[in-house]
Every structure is written in C-alpha cells, then in structure tokens.
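In structure tokens below, several structures.
Each of the two complexes below includes chain A, the first together with chain B, the second together with chain C.
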Partner chain A sequence: MKLEVGYIPIRDIRFGPESKVDNNVLYVNKRELSALILADEGIASVALDLARPGESVRITPVKDVIEPRVKVSGTGGIFPGWCAKVRTVGEGRTHVLKGAAVVTTGKVVGFQEGIIDMSGEGAQYTPFSKLNSLVLVIQPKEGTESHAYEKSLRLAGLKTAEYLGKLAEHLEPEEVHTYETLSVTEGIKKYPELPRVGYVLMLQSQGLLHDTYVYGVDAKQTLPTLIGPTELMDGAIVSGNCVSACDKNTTYHHLNNPVVEDLFSEHGKALNFTGLIITNENVYLADKERSSDRTAELCAYLGLDGVIISQEGFGNPDADLIMNCRKIEAKGIRTVIITDEYAGQDGASQSLADADAAADAVVTGGNANMVIHLPAMDRVIGSIDRVDHIAGGWSGSLKEDGTITAELQVITGATNELGFNTLSAR
Partner chain B sequence: MSQIKVVHYLNQFFAQVGGEEKANIPPEIKEGPVGPGMAFQAAFQDQAKIVATVLCGDSYFNENTEASIEAILMMIREQKPDLVICGPAFNAGRYGVACGTVASAVKEKLGIPAVTGMYTENPGVDLFKSSVYIVPTRDSAVGMRDAVAAMVPLALKLARGESVGSSAEEGYIPMGIRKNFFETKRGSRRAVDMLLKKLAGEPFETEFPMPDFDRVPPNAAVVDMRKAKVALVTSGGIVPKGNPDRIESSSASKYGKYDLEGVTDLTAEEYETAHGGYDPTYANEDADRVLPVDMLREFEKEGKIGSLSRYFYSTVGNGTAVASSKKYAQEISKELVADGVSAVILTST
Partner chain C sequence: MVKEIERAGIPVVHLCTVVPISLTVGANRIVPTVAIPHPLGNPGTTPEEERELRRKLLDQALDALSTPIEDQRVFE
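Presenting the complex of A and B:
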C-alpha cells in the first residue's frame, strides 16, 4: 500500500466571491459553503468566521478540528463512510491544504468542549493556534437532542473540509511525501535485520458522545484490527468525541498521526514498521479484557519485537492502556506507552488511574491539571459563557475582564497522547 | 540584586579538619570558602560570594542532631546569607543525611534557599528528595567538578528567586512533584527513540516512573442487609439542581453532602450531574441512574435493607487528583462511621 501526499502550504485565509486557492491564500465563498452546511435539516444556522495565527482571537467551545484534503488518484475518497463511499483508501495520491483547518464549535455537552487561543499563553499549548482556520459556529434546530446535534456538527465539519480540500485537486504541491507499507512477508525479506515494530492506536469509544468512527463504523462495536497507516491519512478514522479538550484526538490528529509519521521516518533504517493495530476503549470490563487480549494476540501474530501504544482520554481508559501494555509485554514484546497526567494542580498526586510495573517506558504529554492564565482576547468566536463549566474550569475561571484562569485541560490538544506536541513533565 | 551571600556546609573531612578520628567534632564556623568551597567560589565568579563555611563532624551531627542543627542554624542566621550550599556528600551516608537535614532546616526554619548534591543511592536522597533540591552526583569526590557545575546554576536561580523548571531541565533529583515543560522533540519521536533503545537493550529513561499503586482490599461482606444502614456515596457528580456547592466538572476541589430526608426519587426538576467526563443526558433525565435513591427507598419499605442513611455524599471523579479523593474519602468515612452507617454503595459513572 503506497500513498503520495502532496502538501500545498496555506499562508492566509480570506472570504471571497469564489472559493479557491491562489498564491497560497485560501479564499472561501461564504454563501456557497453556508448553503452546503444548511442542507442538513438539523442545523438552524451557521456563522462562518476566520482565525489566523497570532491574532487576538479565542475560539470556544471547540468540538473538532479537521484538515482539508482531497484524493487526487487511487481508490475511494476522503472520509470514507461519510463524505465518500466505503472503499479502502490509503493508496494513490492525496493533496493537503497544509496550514489550513476547519474548526467546529457548538455547545453539544457544555462540559467537554475546549478553547483555542490564536495568541498569548494558551496559543503555545495548542497546535491549532498555528493554523489558518475557518470556524463554523453552528446552532441546531430547536429541540434537537445532543446526540443528533453532535452528528450534525461532525458532518458539517467533514463536509466543509472536503469542500475546501477539493480546491487542491489540480494544484501543484510544494512538497510530496511517499509512504509505503509492505506486506508482512515482503517486509521480513527486505529488512531481515531490523526490529519489527508495530503501533497500537487506542480509540476513544466509551460511548454517549465519546465515540470514534472507522470507515463510518462506531469503534466501540468493533474488535481490534489491522489497518494500513496510510488509510488514516485519507480520513479512515474520524473523531466524534465530546471529551476533555486537552487529550482528545481530533480528526486533524488522526489525519496527521505523529506516531505513524515518525515510525515511517525510521522505516527501513532503524526499524521495520510492520503494522498498525486499532483498538477501542470501552467502559465494560468484559470489553476491556476482550480488546486487550485481541490486541496482544495480533501483536504476537505479527511477530513484533516492539510496540508503541497511544492512548486517548484519561481515567477509565488508563485501565485499557495498562491492560494493553501488560498483556503485550507478557508476550515478550517490548512496549512504550504514550499518555498524559492528572497529578493535581500542585503536581503532587498520582498521575494515572492505573499502573503496572510492566509499563517501564512512558512518554507523557504533561500534567493536564496545571493551572494556566489566559489573557483577554479582542474577539471571541463562538461563545464564552461555558468557560466556568468546561472540564478544567471552575466557578470564577472566567473573569469580568475576559481573562481566564483554568487548568491546562481546557486547551484543545494541549496534552495530546499521540505525542503530537513537545510538552512533557517530570 | 547585589552579590549573593553564600554559606557552605561541610563535614570534617571535606573541611580538611581530619578523617574518621575527627568525626566527633561539634559545629564550628570559618570565614570564607574551605576545600570544595574554592571550586564553588570559582564557579560563582563574582555573582556570589561564600562568606563563611560551617562544618561539623559526621558522627557528632548524627548522634546529636537536634543540638547540632540548632547551633548550625544560629551560625548561618548570623551571616544573613541568600543561599546555603550543603556538600556535595557523594556516597557518604552520614554526611548525606547531615546535608539533607541542614538544607531542609535552612529552607523551612530560616526561609533561605538551599541546594545539596548526592549520589542517587545515598540514604539522604530518599529521606530528603521531596523536601530539598538534591543534584545527583557521582559516588565519590572524583565527581566534584561535575557536581559543582550542576549545582551552581540551580543555586543561583534559587538565590535570585527565579522560577525553577522541571527536574529534567534543571538537573535535580525528581521531588515527586510533576512539572510541565517543553521538550525539544515531540512525544511521538521520543516514544520511537525510547523504543529503539529498549529494543537494543540500551539504558533509557521513562518520563513517568510507575507509582506504587494504592490498592484497597474490600471489607468483609455485610452479614445481614436487612439490618444494615446503607449510605450512598458517588463520584458521579449527582447534586441538587443548580449545583449549590459549585463542584467543578473536572478536577473537583470539594465534595457535597446532601439531605435525602423525605426524598423518594431523584427527579429531573430537582437533581442533575456536575460531572464533565460523561454524557450527562441520561443522568440529568433521571439521577437515580447514577445514585439509586428510588430503589433503596423501595428496599427500605420492603425491609430488604434496614434503612437508607439520611445524607448522601457526592463529588466529581473526572480528572480529580487521587490525593484529593483520598482526603474526601477520609472525611466522609469518619462521618459515615459517626452516623452508624454499616454499608456504603459507591457509585461511579
């Protein structure tokens, strides 16, 4: 399976009479895009807004972030199961509007949406402060129940990213990266000396607005399975989550999975990137046991020497993380886990909800309980009134002057457990 | 800030008084730097000055700890220093304990920052790493040059009142306090590098050593539920509508205690959840789904349980520090015992 990914850098975003990319500027026709979004009967209104790196802008409550992409050649289309038919993606050529993003906002649950600051202290913690973003502020029709609202928001984001991505179809990329996954036997023959390394990608699937979709299927109803790493780059995995902002994997993260990228960069040099296993994080013990058993079996079946395990969320999924680690290590396969910490505001408390001596190699995305101070912004996109209630905020987090004192948790993507950021803790 | 005033603490050996035969000498003070103090003074250049050296025999200190500390603190206080350096003690056990004791007393009783250095297996490390900055050193004085180079920048930062970064950045032994900082490489790259080292059998350093996990053995079963006074305690965030105590949706700083007198059913009009870690739709529709008051009232009527305790306790488990949970549990269980509760149903989410 071989995919060429061509990057078209986007350095600015503006509204204009015609949606197009010209001279690395992304122009968006508001009316055309609004009509596309409003085709969803559950949506009462949509307001489109722009946020650029360095601006005094706060976006909240953020639900998802998505990167515009298009399939130029090869089977299927971006976001299979949603925007395209369910065909296997990950081969051929894909174009990316690099540096652009679609951000969806809305008060789906109220607790579990985050903040993106485009400047100031908060901006250094979120990778999304560096993107030229089109923000969708979406209001549901009256009486729309929250699960339906989530779905409408999710689809609006995907459709918008697809719409913008299509503008890149006939453009000449500045840079093209080629990613290739060999079959298991080809890999062994080609790199007999290299350690065989796999990646276990844990998907949030606790249910009730804590869901991730694979080719349109709800991950909580799946068994662990193998998937081509390049399939992720074409949108095979989509976030449907309303969980704490700091450590949920947005659709943008899935499209740009950093573990996949870094394993590819060492593939054929220091290691043989043999396979990617996706597994879920369900709430019932039986599900946890079944999924972690299956995952460890798949790792052994592939004859892996080492595995990186990444997590999504915290607390309950810590149990899945430790089970996966323990069972894979028990097969004689070495592991490194990527997680984040809830060590209290003072950093003195126990960081994880579960622990095991087998987890002797841990990478951390930082302590999410750390208190941060965010300056007031000139402009708020979305609405500011949920700040005291979101996970990581408290009564009085939002001051009258617009400044915010809250835990790092409130920042979208701040302690990402795919290892997307440089933030760590000791 | 003008030149920083430093007092240095040494044992009899490093203060060049003598070896084991002099280990019984009581505390004394000398002007200026002595022995390793010369190396520290050279590294400080003109940013700081060692004004005095306090020394004490290792045996004397450990056999007369209270009197020694009192005398040493008095000598240090008179010098009005901005900083105290102890040791480094390398792998000398009694010296390490003395350095740790002096450094922590200086910090706590005089409010003056202190730094010490020790080999990681020195018994002083386990005793004092959570209370004072200890820079890891080699196991003998061969490592003096490296120890001085590592201790000086941290010491100057402390003396100037500058904020101190994480242990990984500043080079001290982790104190058990987790601190955030930016690494140079992103997490995924660090994971790949760590895995390659682990596979090659090379040493690697985990970013989070696994803690000793606090596992609580369950109590013996309740003999007769028909006589039990049952209480409800939840981390699922069920609160009277409007969340009167403003319990946070994550990282809760408190718990609430609420009266169930006359309550037979938790209705959507009167109860809701404050929890931010799960979809609240169904808990808000009917809070009995998380806190089963309705069923327990039925059981009470039918005689399946003795009674339902008058109060329920609620907090939010989402992202809440284990240390906080432990504190709430200790307070709550005291009250439960005082109320004569014989069984507790703990519900989560």
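Presenting the complex of A and C:
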C-alpha cells in the first residue's frame, strides 16, 4: 500500500466571491458553503468566521479540528463512510491544504469542548493556533438532542473539509511525501536485521458522545484490527468526541498522526514498521479485557519486537492503557506508552489512575491540571459563556475583563497523547 | 476513600466497574459492577430488572463485607 501526499501550503484565509486557492491564499465563498452546510435538516443556522495565527481571537467551545484534503487518485474518497462511499483508502495520491483547518464549535456537551487562542499564552499550548482556520458556528434546530447535534456538527465539519480539500485537486503541490507499507513477509525479507515495531492506536469509544469512527463504524462496536497507516491519512478514522479538550484526538490528529509519521521516517533505517493496530476504550470491563487480549494476540501474531501504545483521554482509559501494556509485555514484546498526566495542580499526585511494573517506558504529553492564565482577546468566535463549565475550568475561571484562569485541560490539543504537541517531561 | 476509611478500622466494600484500578489502588473487598457510566444500573433493562440487579449487587456487597479475608479479593 503506497500513498503520495502532496502539500499545498496555505498562508492566509479570506472570504471571496469564489472558493479557490490562489497564490497560497485560501478563498472561501460564504454563501455556497453555507448552503452546503444548511442542507442538513438538523441545522438551524451556521455562521462562518475566520481565525488567523497571531490574531487576538479566542475560539470556544471547540468540538473538532479537521484538515482539508482530497483524493487525487487511488480508490475511495476522503472520509470514507461519511463523505465518500466505504472503499479502502490509503493508496494513490492525496492533496492537503497544509496550514489550513476547519474548526467546528457548538455547545454539544458543554463541559467537554475546548478553547483555541490564536495569540497570547494560550496559543503556545495549542498547535491549532498556527493554522489559518475557517470556524463553523452551528446552531441546531430547537429540540435537537445532543447526540443528533453532535452528528450534524461532525458531518458539517467533514463536508466543509472535503469542500475545501477539492480546491487542491488540480494544484501542483510544493512538497510530496511518499509512504509505503510492505506486506509482513516482504518486510521481513527486505529488513531481516531490523527490529519489528508495531503501533497500537487506542481510540476513545466510551459512548455518550465519547466516540470515534472507523470507516463509518462506531469503534466501540469493533474488535481490535490491523489498518494501513496511510488509511489514516485519507480520513479512515474520524473523531466524534466530546471529551476533555487537551487530550482528545481530533480528526486533524488522526490525519496527521505523528507516531505514524515518525515510524515511517525510521522505517528501513532503525526499525521495520510492521503494523498498525487500532483498538478501543469501552466502558464495560469485559470489553476492556477482550480488546486488550485481542491487541496482545495481534502483536504476537505479527512477531513484533517492540510496540508503541498511544492513549486517548484519561481516567478509566488508563486501565485500557495498562492492560494493553501488561498483556503485550507478557508476550515478551517491549512497549513504550504515550499518555498524559492528571497529577494535580501542584503536580504531586499520582499521574495515572492505573499502573503496572510493566509500564517502565513512558512518554508524557504534560500535566493537564497545570494552572494557566489566558489574556482577554479582542474577539470571541462561538460563545464565551461555557468557560466556567469546561473540564479544567471552575466557577470564576472567566473574569469580567475577559481573562481566564483555568487548568491546561481547557486548551484543545494541549497534552495530546500522540505527541502532537510540544509539552513533555524528562 | 476506601483506604482511608479502612485505616480508621471500618471494613469497606468497593463496588466498581474497573476492577484492575481498584486492585491497583489497594481495595481489599471488591464487587464488580455493570459499566462505568451506570455502575449500579442498566438503562437497557426495565425498572423492575434494574431493581433486582441493584438488590443482587447490594446483597453481594453485604456478603463480602461479612466475609473474613486475608488478601485482596474480588467477589464475582
């Protein structure tokens, strides 16, 4: 399976009479795109807004961030199961509007959406402050239940990313990266001396709007399975998550998974990137046992020497993380886990809800309880009134002057457990 | 909380869904429950069935509380 990914850099975003990319500027026709979004009968209104790096802008409550992409050749289309029919993706060629993003906002769950600041201290904690963003502020029809609102918002974001992505179809990319996955036997023959390394990607699937979708299927209804790493780059995995902002994987993260990126760059040099296994994080203990059992079996079946495990979210998924780690290590395979910490505001508490001696190699995305101070912004996109209720905020977090004191948790992507952000510890 | 109450000399039964965490934390008497969002109920069943389920879990917990133990034990 081989995929070429072509990057078209986007340096600015503006509204204009025609949606197009011209001289690295992304122009968006408001009316055309609004009509596309309003075709969903569950949506009452949509307001489109722009946020650029360095601007005095606060976006909240953020639900998802999505990168505009298009399939130029190869089977299937971007976001299979949603925008395109269910066909295997990950082969051929894909174009990306690099530096652009679609951000969806809405009060779906209220306390589990996040904040993106485009400047000031908050901007340093989120990678999304560096993107030229089109923000969708979407209101549902009256009486719409949360789960239906979440779905409408999710689809609006994906459709918008697809709409913008298509503008890149016939453009000449500035940079093209090629990613190739060999079959297991080809890999062994080609790199007999290199350690065989796999990646276990844990997907949030607790239900009650804490969900992730794979080719349109709710991940909590799946068993762990192998998936081509390049399939992720074409949107095979989509976030439907309303969960703590700092350590949920947005759709943008799935499209740009840095563990996949790094394993590809070391493939054939320091290691043989043998396989990617996706597994879930369910709320029944039997599911946790079954999924971690299957994951360990797949790792052993692939004859792996080492495995990187990344978590999504915190709390009870810590149990899934440790079960995966313990069971894979019990097969004689070394593991490294990537997580983040809830160690209290002073950093002195136990970081994870579960632990095991087998988890002796840990990479952290930072302490989500750390207290941060955010300056007031000139402009708020979305609505500011949920700040006190977001996980990591408290009554009084939002001051009258527009400044915010809260835990790092409130910032979208701040302690990401794929290592997408810059925070860590040594 | 389980450990602090036991430290004060009062035995505790931990009703919980994620048994491995309870074991790691050091609870001594553990009774597994239904699911994380609804440990002592099940929205998929009728109110009568839920009542029965709760009664069963409570009986199990009381049995666990009155059972002498030497080590950590999960009362299935």
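Convention: the second predicted complex is superposed on the first by the 424 of 426 C-alpha atoms of A that agree within 3 Å, B and C clash if a C-alpha of one lies under 4 Å from a C-alpha of the other, contacts with A are read in each partner's own complex, and residues count from 1 in each chain.
Going forward, a contact is a pair of C-beta atoms (placed from the backbone, for glycine too) under 8 Å apart; a residue touches a chain by one contact, two chains touch by 3 or more.
All values reported here derive from a predicted model rather than from experimental measurement.
Chain B and chain C, once both complexes are superposed via chain A, clash.
After overlaying the two complexes on the shared chain, residue contacts for A:426 are found with chain B alone; chain C is out of touch. Of the two partner chains placed around the shared chain by superposition, chain B and chain C are both touched by A:355. After superposition on the shared chain, chain A has more residues touched by B, the comparison being chain B against chain C. In the superposition on chain A, A:270 contacts chain B only, with no contact to chain C. Legend: residue contacts after superposition of the two complexes on their common chain; A:344 is shown touching chain B, with no touch to chain C. When the two structures are aligned on the shared chain, A:369 is found in touch with chain B, with no touch to chain C.
In the superposition on chain A, A:391 makes contact with chain B only, not with chain C.
Once both structures are placed on chain A, chain A residues 206-208, 353-356 are touched by chain B and, in the other complex, by chain C.
Of all the residues in chain B, the ones that touch chain A in their complex are 166-169, 174, 176-192, 194-196, 198-199, 204, 206-211, 213-214, 246, 248-251, 253, 275-282, 317-324.
Listing the residues of chain A that touch chain B in their complex gives 109, 111-112, 124, 145-147, 195, 197, 206-210, 242-244, 258-259, 261-263, 266, 270-271, 305-308, 310, 314-315, 334-336, 338-339, 341-357, 359-370, 389-395, 407-409, 416-426.
Looking at the complex, you find that chain C touches chain A at residues 17-21, 24, 32, 34-37. Every residue of chain A that touches chain C in the complex is listed here, in rising order: 206-208, 283-285, 288, 316, 318-319, 322-323, 353-356.
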